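Chain IDs A, B, C, D and E follow the sequence of writing; residue 1 opens each chain.
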Amino acid sequence: MTSYLFYPGCSMETSAKAYYESLIAVKKTLGLDLVEIDDWNCCGATEYLGINLIPAYALISRNLALATQQANGSRTVVAPCSACYLNLAKADHYMLERPELGEKVNLALQAGNLFYKPGSLEIRHLLDILINDVGLEEIKSKVKKPLRGIKVAPYLGCMVPRPDYKKRWSDHEHPDELDRLLSALGAEAIDFPLKTHCCGGHMPQISPSTAFELIRRLLHGADLYEADLLVTVCPMCQMNLDAFQAETNRYFHTNYKIPIIFFTQLMGLAFGEDPKELGFGRELVSTEFALSRIGLEIPEPDGSKVQPKRAKKTGLPMPTMPADEEAHK
Amino acid sequence: MSDAFEPIIIGFTCNWCSYRAADLAGTARVKYPANIRLIRLMCSGRIDPTFVLKAFASGADGVLITGCHPGECHYIEQNYKALRRYLLLKRSLTQLGIEAGRVKLVWASAAEGVRLADEITKMVEQVKTLGPLNWPKWEGFFDDEIHSLVEIPEEVSA
Amino acid sequence: MTNFTTSNGNKERIGVYVCHCGSNIAGTVNVEEVAAWVRTELEGLGVLISRDYKFMCSSLGQELIQNDIKELGLTRIVVGACSPHLHEQTFRTACRRAELNPYLCELVSIREQISWVHTDKDQATEKSKAVIAGGVYRVVHHQPLEPLHVPIHPATLVVGGGIAGIQAALELADAGYPVYIVEREPSIGGHMAQFDKTFPTLDCAACILTPKMVSVGSHPNITLLTWSEVRQVEGYVGNFTVTIQKKARYVNDEFCTGCAICQEKCPKKVIDEIYEAGLGYRKAIYTPFPQAVPKYPVIDRQNCIYFQKGTCKACEKFCPTNAIDFTQEDELVTVNVGNIILATGYDLFDARRVSQYGYGRLANVFTSLEFERLSNAAGPTNGDIVLRDGVTVPKTVGIVHCVGSRDRNFNNYCSVICCMQGLKFAHIVHERTGATVYNFYIDMRTAYKAYDEFYQRVLEEGTLFVRGKVAEITDAARLPGEEGKLIIQVEDTLAGKQRRIPVDMVILSSGLEPRSDAKDLAKLFGISCSADGWLIEKHPKLDPVATMTEGIFIAGSVQGPKDIPTSVAQGAAAAARVLGRIQQGEIAIEPILASVDAEKCSGCRICNGLCPYNAIVFHDDRNVTEINPALCQGCGTCIAACPAGAISGTGFSDTQILAQIDGLLLLNAE
Amino acid sequence: MLANTAPQTTNPLSTVINPNLRFLEEVSGATAGISRLEMCIQCGTCGGSCPSSTDMEYTPRSIFAMLRAGLREEVLSSNTPWICVSCYHCVVRCPQEVHIPDVMYTLKSMAIRAKLYKDATAPDFSMTFVDMVETYGRSFELGLATRHYLKHFPLRLPSMAPMGLGLLSKQRMEITPHRIEGINQLKAILQLAKELEAIE
Amino acid sequence: MSINGKPKFAMYWAASCGGCEIAVLNTHEKILDIDTNFEVVFWPIAMDAKYNDVKAMEDKSILLTLFNGGIRNTENEEVANLLRRKSQILVAFGSCASEGCIPGLANLSSLSDIFNASYQSASTVNPDNVAPKTSVSVPEGEIHIPAMFPALRPLDQVVSVDYYMPGCPPESHQISRVIDLVIKVISKEADLPPIGSVIGAGESTVCDECPRHRDVKTIKQFVRVQDIDKINADLCLLEQGIPCNGPASRSGCGALCPKSGAQCIGCYGPAEGVLDFGARMITALASVIESNEPSEIERILEGIPDPVGQFYRFNLANSLLRTGTAAWRNNASLKE
């Protein structure tokens, strides 16, 4: 079993408890060994960076330094939260790119008898680990209850695929990792064009109108594509789309009821775990209707659900996409 | 040793890019310190570490190796061979105690007269801060006067 | 095990000449002092005379040297003057006139590398002494050499039958010399054959290209090898031996009349990725387009039902002349040529890489080449500009500039033609559909004759210009009126505001890229690519069609993004350079070469893989390495690599260079 | 130097005539990583990509033009950096690889130092957040939210109450903050970091 | 001249390990030829002799002196001068005398480093910090011990040398050949080679004698011979990534090492005409590294952790630079 250093981040203990609980539930099944970094501190989210440069990076790097101390063979730090993932990755990247920054940060860390050598850890997002280390085949093999019948909008948000210093994702704009994972679970992943668009970040606290508009776009998009459910990999995305959905509705006089949950929760369901164990019920926009769709035994003859072929048309051929080419191999 | 140390730097250039860059610096009247003396080779691939060692042994304080940019070598890819040799040579020189700053590899296209002049200026400055290489004149080095002083170093008997 | 010594006594009689170059040198260097110093300090090395003179390169200066050679019996000459790149030839010729081997003369630069770049007179004078001493130390070890003369074979190979290659071939053939054209596709014509109209004059591409293609096809001096590729190049300037693979066409060109019945009858429809840019179909037996030259079709084996499944042969059944021959095989032909012109053109940037533009995902996003086919009267829609459904005429069209160009995420360079091509499209859309057209650009680059006038014309026609690089193209509607449209989101940088513009059709002005196999091509022909991948010319301004490899020329967009007028001009220029060579009959090349001392070579094979010209050959039987002097270009890499010191070189030998180092450091050696 | 001899003027255009031409370097130098700010070609990809640029006084691109023009006050008092949501769309699309969001962070911190921001909501939020982190080593959402909303959005509170309650009842908010063990170590690090930042 | 008319023979051992002397003894019955043909007048390891005996001899009275070891201290220098004066033919015998050999590697260190390593390091039990001095007073008077030079020099940097015989040590069959040659010269059956020649060795390189198969060389990785699981018995070691010095080393040993599965470390010195052995190996090995990426090249070079030890093991003292800076910087400062 590969062991990873685990940086949960503040929200896993509070607003994103469902994420944490479902992760705990599925990690057994997947044989993931996550070793939490002892006494980690907040990464500063997007706030600290806008106030003080060196302290912000020192704050982040304390975690990296602690992780190195604890490393014990493992060089990989896993973060489930997008903002944490990006902050950790970014500190590492910039301290390498601009050594003066790294030197100053390390001077500061000395005050706590700590040291971090830029580039010595690999910082990765949980989804990346599941797709690339565990692998879709492995995940597929663990599926007991395929989520057939549910239409899910895969939603990654900004900070996982961007800026992507280590080029880990298939694309900045339309990465397909989450789609492939959802398909492996048996769900129908809709081709959601807004999958890496912004949820509004901290804007609900700063410029609510800005935030509501960004939230609205996503809800509208999901609605347009008839998604039963949005699935995300980021606590902040979940919080904004879930907790502020009502306020957004009020602001725009709309009436969206689109639940948003964490991808690990869906994995748990597919692995046959008890929804209670997976943090279901903690969301403010109810998943009841969406889940009832999976609960339903949809009596469908084999093969009826094949994707419709591109209409046989008199029109002009479409260009082939690399993904198509792969599929043809 | 006088205060104004003027290092001597031997520079190797290739016929097609860097020597022409030096020519261009001239035609453009770009100024740089007179401490550099260039030798024209056909290609940076002609660089033999022997030349570099010879220059140091004969009194140079620094050696500059120049050639066409990667991918633009007149002889297609020979500058990469210069690069490989340079990297290994540099490791060896450091081990011998010759500071890494005394050898430098610079790519310069025929159009980069200004850049070459700039690199030369930087190199001269750098070698100035390193001070003279002072490789010993082998002959006088073993004069009685010297080795009579070299008895048992203090710290050992202490 | 002795250390290296430089002096070879007083055997040589050396003359040293220091030039004032008016005040160019004398203004910064005390030339008299230098000359006097050389006379006294280097006498021991054999310096017999050392003079300074106002203009060494003048005829009087040259005569001075010639007279000294004759009267004093000088055996070596060192001139301290300007750069060897300027006057090395001058002084060498002077020596030859005085019957001294020209390679016994060494020119050292005290102008470009001393007087013009330094200001302190004392330092400049000291440095001049040092570099002249370097020259004197070095010249002692020079060997008399003779330049190599190579005869030039009168035939020329042109690789690539686009407009640049066509032009070059016709110029040479018209001048009366044999030309071989190797074209990879079934027909010549290149990209230009795909276009409908060409900017800035809007000539119909076929109207101006087809006559040229026909001349190529029927020219008695041109051998056309289409559906062929170069596999091997051996030899050197004047005498290359080129091996060409002629792929099997499965059609016998002696019988085929080009009637095209076979193509009509063939049951297998294939998306034509090359000529139709993926926007149309062809058959498994096909000529890319009706005006193809040559007119004979080819069978594309990968798609032919007979080759894949074993039955069909519809073409064979219907061919009135029995020209189909399924038994044909690939053939290797060898030709001898004196010079080679590479004109293999460009590839279109793959717009799928800019994923925010949605090409390949969003049906109505088109590339520029797709649009060329769409608007071409002979294209898949007979020139109707319609959406991907094949019927709907767009009411609004957005044309996006700089796709994949001027962008560090893709290519840094400007693709040169795409602004003009975007304007051309705006005009065509406007003219044919009356649609509203937007052009989104960063900078409008319409340099060259009649180009900006074309821009004016398109402005006048009412095209809407938005200055801003398009951020994204999406079908995710957000505002009323956006549903069912493609939305172009952009900052209108002149208004300072973000805009979302719904359109029906988007055309991406994709940039031009080097051919995907450009690096292999360069390697095959022994020339080099820039970091971007374009083939490198000898000099970007003064020798744009020659390369660093003698006898290999480049023309057209293989050298960098280019429009048709420039491609044609380069084709003609390359032909002119080749003609010059052919007419001289032979060419002199510098005798700077490497050679192996078989006694010392231990066959370690360190050097074997180091020569880019494959000049180094290993003889297994004798366990020694040899260098083919005809292929060696004299770079010296192998000399510097041989661990046994078994390789030596003329012109830049170890002894010469080591001696020069001693000379340069002489002043500091005390 | 011209700047020294130029007469003091009350001309309203004086900021334009006598701009702070080193401003761009200053911002670039204070940004993490290598900002590449001087490489901007004003293409507008950033402003076009930005999900919130419609709410910005100036698009990011305009800000960079103003930086270049040395319009220090105008830049630091604009709401642009505060409206940036750190979505990184601009940075991956920018053809010149300018580190746009990082520049926005720099502008925020400079605006705070120069006290040039117009609306205190965002700076206050950030500072409150930072305060919490510096005291506990973790973020404390409930404390943060109450403090922040009371001060800046008192009117939103009624409509937010159900949400707050919901979060509390679903145990998605802690009533008490969590304090890390090494809080003193963290404080020492941050203290020194602040001193180092001040040296420059 | 000598009593029985036989030419005189001497052998001396300066800064060296003694291996060369063993090598001479290793010639087995050939050693008898020396006794038959020569009068051995001075050979400290084999007979009792005093420097004063030699001093008393007439100049040029010794026909052949085999001098092994480098010049490290004043005593070495004195004897070198003495033997040069007394000998007609002075042979730098073995790698140390010819090019410095392993003792020459000490030229990378300053004297104080050397003394510290010898008398102070963990490997030395020296509780009282005893260290040698150049002179010591004892009841009988003052005793002098030779002083160390700041660097080691091969023999020809001190006195002129007539012939060089490389090898660490020279192979016995080569020694035998040389003895045969000298005997033939004495009996006027052969001529001496030109002064300054290398004798008892080949003209080509070790590769020339190496039976291993070679292909065009490209190196993706350097490895130590002990780190390879299975060495291909027939393939050139260099091509297997083992840095073999064979390509630049003078032939003569019969490619002893590569034949037995170890890389040549270069004890026969540089091939004919090579100015700096290390430089030649650096250029040769670097040229065939298969990468154009600086970072990748650096990674590959990590496989040669000690380049000077690898390329200058035997010839540092005879290389173009002859020392590392430590050797002379330290002493230069002492001088001030």
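Here, contacts are C-beta pairs under 8 Å (C-beta built on N, C-alpha and C of every residue); 3 or more make two chains touch, one makes a residue touch a chain.
Remember, it's a predicted structure, so these values are computed and weren't measured experimentally.
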State which chains count as neighbours of subunit C and simultaneously of subunit D.
A
Set subunit C aside and report the joined-up groups of chains, separated by bars, or one piece if nothing splits.
A, D | B, E
Maximum inter-chain contact count - chain pair:
A-D
Per the C-alpha centroid definition, the whole-Å distance linking subunit A and subunit B comes out as 53
In whole angstrom, the CA-centroid distance of subunit B from subunit D equals 48
Can you check how far apart subunit B and subunit E are, centre to centre, with Cα atoms defining each centre and the answer in Å?
30
What are the residues of subunit B that contact at least two other chains?
48, 50, 54, 70, 77, 81, 85
Quick check: what residues of subunit A touch more than one other chain, meaning two or more?
172-173, 217
By the touch rule stated above, which residues of subunit C touch at least two different other chains?
4, 356, 472, 610, 637, 640-641, 654, 658
Chain pairs in mutual contact under the definition given at the outset
A-C, A-D, B-C, B-E, C-D, C-E
Quick check: in the complex, which residue numbers of subunit A touch subunit D?
10-11, 13-17, 39-42, 44-55, 57-59, 62, 86, 90, 93-94, 97-98, 101, 104-105, 107-114, 158-159, 162-164, 172-173, 197-198, 200-203, 205-210, 213-214, 217, 243-244, 246-247, 250, 281-284
Once bound in the complex, which stretches of subunit D touch subunit C?
41-50, 53-54, 58-59, 61-62, 89, 92-93, 95-97
Of all residues in subunit C, which touch subunit B in the complex?
4, 83-85, 109, 111-114, 116-120, 123-124, 126-127, 130-131, 134, 522-523, 526-531, 536, 539-540, 548, 592, 610, 612, 633-637, 639-641, 649, 651-652, 654, 657-658, 660-662, 664-665, 668-669
Would you tell me which residues of subunit C are touching subunit A in their complex?
271, 278-281, 352, 355-356, 359-361, 363, 367, 374, 380-381, 386-391, 472, 474-478
Residue ranges of subunit B in contact with subunit C within the complex:
6, 8, 10, 16, 19-20, 22-23, 25-27, 29-34, 37-43, 45-48, 50-51, 54-55, 58-60, 69-78, 81, 85, 110-111, 117
